[in-house]
Every structure is written in C-alpha cells, then in structure tokens.
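For reference, the structures are reproduced in the following blocks.
What follows is a pair of complexes built around chain A, which joins chain B in one and chain C in the other.
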Partner chain A sequence: MFSKDSRQLVLAHFWVAFIAFFAALLLGEWHMVIRSPLLDWIGNPELYYRSVTAHGSAMGYVFPTLVAMGFGYAIVELSLKQALVGRRWAWTGFILVMLGTVIAMVPVALGKASVLYTFYPPLIAHAAYYIGVVLVVVGSWIWVALMSVNLRAWKKAHPGEAVPLPMFANVAGAYLWAWTSVGAAVEILFLILPVALGFKSTIDAGLARVFFSWTLHAIVYFWLMPAYIAFYTLVPRAIGGRLYSDVMGRISFILFLVFSMPIGIHHLFQDPQVGAGVKFLHAVFTAMVSVPTLLTVFTITASVEIAGRLRGGTGALGWVKALPWHNPMMLAVAFSFILLGFGGAGGLINMSYQLDFAVHNTQWITGHFHLIFAGAIVIMYFAVAYDLWPHLTGRALVHGGMMKAQLWLWFVGMIILTFPWHVVGVMGMPRRMAYFDYTNPEIAPQAITVTLSAIGGLLLVISGVLFLLVLLRGHRSGIVDLPEFRFSQPVHAPGRLPAALNSYALWLALMIGLSLVNYGYPIAQLVALKQTSVPAVPIGGTP
Partner chain B sequence: MNEPLFSLKNRWFTIAVAAVAAIAAIAAAIGFLWVPRAHARDAMTSLWESICSAAGAPAPYRNPGLPEDKAIYPTSVIVSSEFTGPIDNVSVGRGATLALQCSMCHGARGTASAGTNAPHLAGQPPSSTYKQLRDFKSGHRPSVVMQPLATNLSDQDMRDLAAFYSQQQRETLVGHAGIRIEVPRIVSNGSPMRNVGACATCHSPGVARVATPILDGLPAVYITDQLKAFKAGRRANDINQQMRNAAHALTDEEIDVLARYYASR
Partner chain C sequence: MASTGHDVAAAAESRWAWIVGAIIAFLVAMMAYMSLHWAAMPPVRMETIDPTTLHIAGEFVETNLGSAAEPDGSVTVRVLANQYSFTPQCLVVPANTWLHFRGTAADVVHGFSVSHSNVNMMLIPGYISNFQTRFERTGEHVMPCHEFCGNGHAAMWAHVQVIPRDEFIRRAQSQPGRRLSCVQ
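On to the complex of A and B.
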C-alpha cells in the first residue's frame, strides 16, 4: 500500500532535497573553479566563505535530512503496510524544514552568516542563520517522533512479530539522529544564540567545539542510514538476489546506534582543550564503528554473490560477470562500495591520532568526507530515488541509459574531484582557503591538482543535471500498473527474534551511557573551567 | 519475545553491556594510565597527576617549596630580549666590589678554581647571571649555599654583578687545553625521535640567547648535577620546562658524555 497523500508527502521531501542538492552542487563547482588557476581570483574572500556556508548547510543539513525523512515515511507505508499515522504532523515537520532553510539562507546570501556549516565559534553569524538551522532540526525531530509512533502502532497490531528490517533500520536511524542532534542544539541554544542575539559578547569556543563534535561525527551516520537501508533492503531485490542475512543487518544498525555517537572528539585531535586520554578513548570507539561497515560490506557482497549465482554465474569470480550490470542499482552499489572503500581507508588514517597530524585541516579531509558522503552515500540516494520513483509517480522511469550515464559520471567525477584533493592535502594545501597564488614557486606544483578537481566537479554537475532530467521525465512518461512494492527477502526469514534484536531500549541505553562516559568529563570540566571565553567575532560587520 | 530485556538472564543484555564496558575500560586504561605514564615528561608527575593530564584537567606546575603565589611560576623574572639593559662602567665597577664576596668559590675574576666544582661566571651573558641570582633569592632555584648569599642583594646589586662578570674573560685552566672530545650528536643534532633539541641551538657562544648560560668549560660535576636535577624536576626554574623536557629524555650515559664534553672546552 502507498496512499496518494503519502506519495505526495515523500515526493515533496525528495524534490526539495534534490533542488537544494543541485543548487549546492553548482556552488561547489564554482568553489573549485575560482580556486583553480583556470579563472582569475574573485577579489573578495568573503564571497567564497558565503558560498561555502551555503554549500555546507544545504548539503549537510537540508539535503540528507529531507531524504532520510521522505524515505522514512515511504518505509512506514511500504514495509509496515499500514497508513502513516500523523500525516498532518509530517507536513508540519516538512514546512518547518522549508521555513528553517529559507530563514537560514537569507542571512547567508546577504553575507551575514559566513561561518561555514560547522559554525566555528567565536565567529558569530546573524541570529537568523542559527534559528533557521534549529527549525530544520526541530522539523526533523517531528519525523523522529512519527517514526517511533508508527512503529509502536504496528507493534500493537502485530504483537510478537519481527519488525521488518527496513523499518527497524529506519527507526534506528531516527533515534540516532535524535540523540546526536542534541550536541549542536545545545551549542546553538546555550552558547551561540545568547551571543548572536546580543546578550553576551564572549563565547567559550572550546566548549562549543566539543558540543559540535558530539553532532559532527554521528551526523554522518545519519546521512549514511538511507544508503545502508538501500544496501540491505533494496539492492538484493533489485538485482534478483536475496539478502544473505537479516540478523546481520539488524546487528549492523544496532552497532551504528551504539558506537557512532561517542566518537566525535576525533574531530578535535588538534584542539588543546581536550585531554589526550579522552582523544584516545574516542579513537578506539571510532575504530569500533568500522565493524558495522565491514559487516555490511560482507553481507551485501554475499547477497550480490547469491544474485550472480542465481543468474548462472559459476566459479570463484564467474558470478561477478553474471551480475546485471545494466541495472542502475547494480552499478550504484558497486560504485558506492568502491568509493566507500577509498573513503574508509582514508578515514582509518584520520582516526589515528598520530597520522591525523599530517592531514588535519588539509584538503585531504575535504577529499575524505566527499568520498564518503558525496560519493558512497549520495550515489545510493540516487539509486533510492530511481527505485522509488515509479511507485511515487505511478509512471514508468524509462531512461535506463541516462541513469547509467548519470551514475557513471558521478562515480568518475567524484574520483577525479577527490583523489587530487588527497594528493594535494598530503602536499600540505590547507582546506577552507579562498585563494591560492600559484605564481608562488612553493605552491605552483599544486595548481594542476586543483584544475583536475575542477574538471571532476564539472562532471558532477553534468551528472546532477542528468539526475534531475531523469526524475522530471519520470513525471511525464506513461502511466504504468506496478506490482506491489517489495523489499528484499532474506535467505532465511527471521521468524521470531530475541527481544534485543526487535527493540531499541537496550541499545539506546548503551548509546546514552557510552556518550556520558566519553563526553561527560570533557564537557563537565570545560563548563567548570573559569576564564575560557573569548571575544565573539561577528560576521558582516566592520572587521 | 516476552523475555525481559534488562535482566542478567538475558544473554544479549549481559554480553552487550560487558563487551561495551570492556572496550571502554581497556581503552581508558591505555589512554589514561599506560600511555601517559610512558610519556610522562616530568619524573615528579604522580600517577594521579598523569591521569588528570590525560583527562585534560589544566594543572600548572607547582613548586611545593614556595608560597602559593610564587609556586605556579618557574621563575619570578620576566625574560625578554635586552631586559638587563646596556652595560655601563659604573655598574661594572660596583659589580667588581660586590664580587669580592663571591671569589671564594667563583674565583677572583669569575673563573672558579679547580676542585670547587662551582660554575665559572666570567663571560656569561648578564641576563643569565642576573636571572639565576633572582631565582636564588626568590627560592625558585633552591640552593642552601646561594640562597642565603643572594637574600641581601638588591635588584641593582644583581644587575651590577651580572654586568661585571659578563665583562671578564674566562681563564682556561692549565693542562686542560689539550683534551678535545668529538662533538656529541646530541649537542649538534639533538635526538628528534625523543623530542630533544640540539644543545647547541641555545648553548653556544655564537648564539647569545637571552638568559642562557654558555656551558663551555663548566665543571663536569656541576653539569651532571644540574642535568640530573632538571631530569628529576628538583630544579624547575626553566621557563616553559625547556630544560626539564630536554633532560628528561637523556640517559645517564648521555649526561656523562655531555658533562665531559662541555668541561673539556
């Protein structure tokens, strides 16, 4: 079942998400072009930081949040096979996100909020920027509550039954987001907004950064959730296979819930306000979070192998050739895994305290998170959209060649964009720089890498145009009578599950407990410490 | 399905909690105990102090022998370039008179006679001698001999003494000149892997760093004593722990080589 109202709700989320994504994509390419030696320097660095703020805020807050919300609403109806409870609230949440986006973007466009999406206190933007971000988050909290309410309604109607894996993972993602967004919310409400509204003129930047790190890493796992849900519940079905293990999927999502939160201080390895022991603790748990990813890579590769063998592939590697490579979902998952592999390897370097010294705050880091988010995750967002679109519009999505070209372009473009960033990062190019003078012999050799990245970015823009074209044409093609939407079937149906694998209480308790262990002392100590505030630096005023 | 979740009978509960607690405990043991102990720069650091430092609790060095307001600083002298000012002849003359009471150990013109093991002061930068006198007087550099002698010196007295000694030429002891020891690597290159800078970057007659003594010709016993005092944290009047950090990583053999090398020059 997929009611018309819910389809409109999901489509609204997806369209706003993809429009925000495309606008931010254009800004991203502009950054690369003006930083490269291809064009003359724009003359005003403020324009660059204004644009980076818009790019990061749209890509980091608006786009993935709306995709996760829209996909979540679709999962409720498609996997639980029950009407969405609280549709009016869902629209309220959507409107709050829209409103928040506009309220935040106006000061950004006016140059009053060039603080980048990570806020960077003691930089202080116009208060409207933070209020807008808070509204986006509050809108998403409505979604979190609705996911919980809908699952509860289903459990009441189906006592003792195993929660379908898509919904189990979806709600895990919602709870993860609820808890991880608390850090940034506290930072904005208690530290930044009093300054932005003029009640205070100093800010404890160190404490604010610790609170932001609470959000900053786990937010990536919130972005990742729709992609992982697609790995487990869409990919095997789309390529004609079966999910190798339903239980493994549940364990992976549970591990994300427990481990992705209390690790954010690895973003502060070079910050002096946090002790080395605390940093080590966070590094260890950062390593632990690779476990669910490795479990997923194993399970999905096994599921894909099942598909290959069902299609007649034999031998150690013969099944790879037998896979349906014409299928966009097959391409997307293969590209996603390759990008995830490179990005993950870079991530292991970043989480190692000593190695991080070499790459911290260089272009390497930008390369890393673009590989993971813009590469591995966003390519699965495309695949999710392609897979759901006919069920959302009731019309066929026929342009298979265009979809494949789009995915190929995104994959190749992302590699051409990010690999030179890694190289130039090791050469020492700092990130967040508006301008480089390549006539300086010291950095002249870096010029070619920036040009390469700009070319990669151009491929991504073309891919983005194709993506929107495919979806737009999907609204105008012939009406089709579709079979009921199905998620992947596991090899072994889960049957009755232990309570631990069918509910969240234990894992939420561990998540909160571990967060308190890993963040309790640094936060308490910084709150108690006197004389740690520094004068705020307002944006947009006279310097 | 209806089994209680938060119960010791539920294996999911016990194993999950135990595993997470074990990872946290092992990581904390490494991060808060093992690594800080292995890296402890200052041998005076207690176990509790190293845990606090790993946790990020700011704890300035406290000299237990000094009153509270002085204890948190390694010295009461604010060192800057030229803080001792230019040398004038009146100052040198006054210093020469005052220096009569120092001649028993430091020699008539600042070169200690063999066997006293006192450092020679002739040719030392005035900022170095002045700072040490101030630190003796304030107690930042503890010494049963020097502290009572410095107590009655005024600030101007100390400046005059420093000026006088800086104008003297060190007398090379007879029979000493022939011995030449090869420059130890720690002097010329330091030990980068152990975070020890090259001694010569500061302690070299050509460098003339402010408040930094020239080590050439100092008695081997004196150098050994001072390096060991820095290493153990008994001497702590070095700003930003410069000498304590360097000396902490030195072995006894290296200290011995350094002492003989500088004494031979």
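On to the complex of A and C.
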C-alpha cells in the first residue's frame, strides 16, 4: 500500500529537505574555511552572520521538519496500510513550509535578519523573517493534525488492536513537536513580532529567552524522532534481525514525550533572569531525558545482536563480525551510535551545571549539537532515504559502494569537524566568531584546530554531493518489482496492549502538566516583574 | 523453552533499566553535592536594572566600573557590556581572593568567559548577573564576548590580569575610592 499520490508527496518533502540541507551544508563549510588561518580575515563580518542565520534556519527549521513530515506520511500508508486521509491538506502544509522558507530567507539574504536562528532579542530582524518561520511552523502543525486524524481513522477501523510501533512513535513525535513549538511561537507572536512590526519599541529579553528555551531543547528530540523510528522499525529488518522489544520502544517514545520539554532552562544556566532552584530542577529533569536514549541503546544493540546470531555469529563478540557490514543500514546505525555515544556523554557534561561553566557558549557546545544532530540523527536520515527510495520511485537503488563511501565520509568528516571543537571549547574558544586574531598568543595555538574542522567540513560536503548523486541516479535506474514494504518484526509480537501503551492521553497530560509546572513559575515571576523591557535594537536600520 | 527465552530477555532488560537508573541517580547526586558543599551554583538572585539610565545613576555608572576592594577582603568586579566592547576593557583582579562579578548589558544580549577559568556569565539587558570565583594563579587571560551581539561580535574581546594580592591591595590603597582596572 503506497499510492502514487502519496509517493509524490513524500518525494516532494524529501527533495526540498535535501536541497535545503545541501545549500546549508555549503554555507557551513564556508564558515569553517573563512575563519580558518587558510584564508585572510573576512572583509565584512556581516556576511558571515547572514550566512550563519541561513545555515541555522535551514538546518534547524526546514530540513528536519520536512524529513519528519515526509517520513510521517510514508509511515501512515506503509504501517497502517490505509490511504492517507487529507492529502490536499498535506500539500497545503508542504506549500506553507516552502513559502515560509522563501519569505524568511529573502530578508536573511539581504542582511536584514542577521539574528541567527535563535533570534536573540532585543536584536530585531525584519518582520518577514519571523513571519516566514511562523509559516514553516504552521505548515508543520497541519502535519501534526493529519497524523492524529489518520491514527484516529485507523483506530476506528481496528478497535482494540495495537497501533503499529512506527505509527505510535510517529504520532508521539508529532505531539511532541506541537507542544515544543509553542514556546518559540509565543515568543515570536507576543514578544518579537509586535516590535518588528513597529507597534512596540521595547521587549523583555530575559522573558523571551525563557520562552525560546522551551523550544530550543525539545526541538532536538523532534529532529531525533525519525532517526529513532528508523532504529526501532527499519534497522532490525534491514539487517536481517528482530526487534528485541516492541514495548520498550513504546516506553522510550513516551518518555521523550514527557521529559523533552520541562528541561529547556538548562540552556540558561548562566542567565541572570532565572533563579538557582529552577535551574537545579531543570538539570534533574535533563538527567531523566537521557533514560529513553539509554534504553534505546540497549534495545537496538540487542536487536542487532539477534541479527548477528541469526547470521551464524557466536561467542561474546563473534556476532559483531557476522553482521552484514556491506549493508548501508548496518553502517549507518553503527556510525550513528558511535556519534550518539560521544554526543550523549557531552550532553551529560553540559547538564551538570558546574561543568557547564567551563563550556557554556564555547565551541564545545557547537561540537556537541553537531555530533547529535548532524552526526547521529542526519546519518539516519540518509539511511531512511536509502531504505525508502526504491519504494518511492519504483526503481532500484543499486549504488551500494557509493552509499557506503558516502556514509563513511560523513562519519569521518563529522569526527574531524567536531572533535577539535570540543578540545578548543574546553580551552575557552567562544562560538559564533566570524574571525579569530591568530596573532594573539593565547589564540594562536587554536589555529590548527580550525583548519582541521575546515578539512572535516570538506569531507562532509563531498559526502553531501555523493548523497544527492545516489538519490538522483535512483530516479534513472531500472524499474523493479518490489516486495511489499515491511517494518521490523519484534521477537514477541504485542497482542493486546494496555491503553497506556497504545494511546497518548495520559502522557500528553503529563507532558503539559510538567511543562507548566517547570516553566510556569519562572514565566509568572518574570511577567510579574516591572520594568524589564529594554529598547529593541533593529538589524540593518529601522524595521 | 519460548517462555524461558522470554524470561531471560525480560531480566536482561530490567537489569539494564536499573543500571540506567543508578547512573542517573549518581549524576544528580553529584550535582546536588557540589551545589551544596562547594556552593557551586549558577547565578543566583534575580536583580533588574534599567539599561536606559544605568549610565546616569546607580552602580553601573562609568566611575564605579572595575574592581573594588571590599571591607571583608573580597573584591567586587563590575563589568558593563555594549556593542562592541566591555568597560573596563581590561580587568585587574587579585589572585587567591574571592571575586564577586556583577555585570549587565547596556543594549543587547552579551556574555563573557575568561580563558582557563570557570568564569562564564550571560549579560542580559534589564538584569544584573552575578557570579563568584577565585583565581589561584597570577597571569593574563582573554575575555571574549561569547554570545552573538551583532555584526561586530567577533571584535569584542577584553582581558583579565590576575596580579598578586599584595600588589592589588597596594594599588587599591594608593587610590582610595577609585575602581581598579589595568589603566593605572
């Protein structure tokens, strides 16, 4: 079951996502080269910040959103085996995302919106930038609603049956995003836009940062959802194994839903507008959100071990050798786990605020989230595309060697890019710098690390080119007759599940309740404070 | 047979869940211990200030910026950030002394860290940030603005000189009432 219309819908999402990704990738590499000692200082740092704004907005708001949306539509048809309800609405959402992207990127390109994708009020960009971002989010909300509607339609037709794990996880991701995006939406609609449109001239920078932190951390879990869905529902099947535990998968996705939001103030450990008690509370909850990842590491490793043993591997480590290492999905999951391991360990360090003093706003942080997002998550996006492509195009995807080279280059490139960032971050190199004065004796020893990162970035660009080539060639190869698309089978198929593991009401109530508790106090405190609004500082002249 | 296999699997799973719980509990306990025992807390009290008048009156007027020796032997360091410099642009502080940093921003969000130390503060206009630390050794440090504050952000670097405590006290006593910076 994968209708032609839906295949076109998914392909449209994926292609726009990957084109945005590639453009932003080129900008990223330019940043590393222009600030390395390989070239002269950038003549006009303003261009650098335009480019960083475009890189962050495309990578953070456009690329993962479209991947999640496209993958979500595919999951509806492939796992529920029913035609997508509301296809016209889905196209409307897609067009809104594209329209929003263009509307946001025009002022960015003109240098009227160099506020980076994290906004930083009281800096105020041209209103079109924020309106564009809002349109992207509204487009994705249509997707959220459609995921809910489609699940409801399926449940009506299959009363009492267990929702297939891919769809259960997919809808959890959709709800997570709906609630996550509320923070930034409030910040834009109620604090920033009135100023950008000229109705107000002051803004509370501290309150705006609290609202943004609501979105800023949990958005990473939204980016992560497609990767985790692939871990649980594609990897075991692709490498010839079984999913170790279907129930543990459900629990992990539920834990993400509950613990992703009430933790975002760990981005504000060094900020003055939030008290120490709230910071401690959010640090503890941040520790909780590592639980679903640690559970996933166990379940997926166990599932991979099953594949290794089914393929004849024996002994404590013999099964590792027996794994199908020629299979791109096998490579992808191995690389993803290694990068997730380093990135996750870094995350635990950031969470412990005494250690965060040493690394906050240094290159360490840039290294951390590139490992997690651009490393562990994006590598699984590649794998998802490779896995789905033949079912989307009806044609074979035959360039196995090129796929493996692409994944290897991305893995090695990401390590060469981010490990030097971690090292200089501990030495105190700040992030978001258009140039460094390498003649300063304190900075001179760090020059070599910037060159290394530029080399890592070059490998990533080559990998990005190969990725697009593989997909493009996939549209031209021979038509194949494919067997029906399958997701992973668990060792024990779930029979009837308790309502808590088959629906969301309880968990959504917890998600909303915990967020309101953990954010309600600091927000109420800030709203009650008098005289905290400060004059706005427009970018590139009066807005 | 099938049920034994299932039992083994379930036992392995719950064993791992307990290990995960123990790791998390350990990390949280460590954080709590350090917070209470070393008083290593993030910025604490919330204080506000009007950035449009801070140059006219109050503790962030220009003559009050820099390092001030306090009667209890500690030193208060007041820093003001604006696009694209700090005032003072070079801080001078004594070694082996508790330093109370107090800072704010006059226009947009800034921040700073001091190299080879754990000094790390965000400066948000409208709010006063505070942080306590001490330097064990004398020496020179760079102090970059570490939060994007506009197109000139990359040019915003200050310095910190850590000098022997005796010398700091001598300088402070020779100019009573004046705040110290690298400018003598």
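By our rule, the second predicted complex is superposed on the first by the 541 of 543 C-alpha atoms of A that agree within 3 Å, B and C clash if a C-alpha of one lies under 4 Å from a C-alpha of the other, contacts with A are read in each partner's own complex, and residues count from 1 in each chain.
In this text, a residue touches a chain if its C-beta (ideal position, glycine included) is under 8 Å from a C-beta of that chain, and two chains touch if they have at least 3 such contacts.
Quick caveat: nothing in here was measured; it's all calculated off a predicted structure.
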item: Room on chain A for both chain B and chain C (clash or fit); value: clash
item: Contacts of A:Glu442 with chain B and chain C, given as first, second, both or neither; value: second
item: Touched partner set for A:Leu497, first chain B, second chain C, both or neither; value: first
item: First, second, both or neither for A:Tyr244, with chain B first and chain C second; value: second
item: Touching partner for A:Leu294 - first (chain B), second (chain C), both, neither; value: second
item: Touching partner for A:Leu508 - first (chain B), second (chain C), both, neither; value: neither
item: Which superposed partner A:Val320 touches (first chain B, second chain C, both, neither); value: neither
item: Touched partner set for A:Ala358, first chain B, second chain C, both or neither; value: second
item: Chain B versus chain C as contact partner of A:Val534, first or second or both or neither; value: second
item: Partner chain(s) touched by A:Phe280 [first = chain B, second = chain C, both, neither]; value: both
item: When both partners are placed on the shared chain, which of chain B and chain C touches more of chain A; value: C
item: Stretch of chain B, among 1-9, 163-171 or 199-207, that runs into chain C once the two complexes are superposed; value: 199-207
item: Chain A residues contacted in one complex by chain B, in the other by chain C; value: 273-276, 279-280, 284, 288, 525, 529
item: Chain C residues touching chain A - in the complex, by the definition given at the top; value: 6, 9, 12-13, 16-17, 20-21, 23-24, 27-28, 30-32, 34-35, 38, 40-48, 50-52, 83, 107-109, 111, 113-116, 118-130, 140-142, 144-155, 157
item: Interfacial residue positions of chain A with respect to chain C in the complex; value: 45-46, 48-49, 114, 116, 118, 120-123, 204-206, 209, 244-245, 248, 268-276, 279-280, 283-284, 287-288, 290-291, 294-295, 298-299, 302, 348, 351-354, 356-358, 360-362, 427-428, 430-437, 440, 442-443, 491-492, 525, 529, 531-535, 537, 539
item: Of all residues in chain B, those that touch chain A in their complex; value: 1-6, 10, 12-13, 16-17, 20, 23-24, 26-28, 30-32, 35-36, 51, 53-58
item: Of all residues in chain A, those that touch chain B in their complex; value: 160, 258, 273-281, 284-285, 288, 496-503, 505-507, 509-510, 513-514, 517-518, 521-522, 525, 529
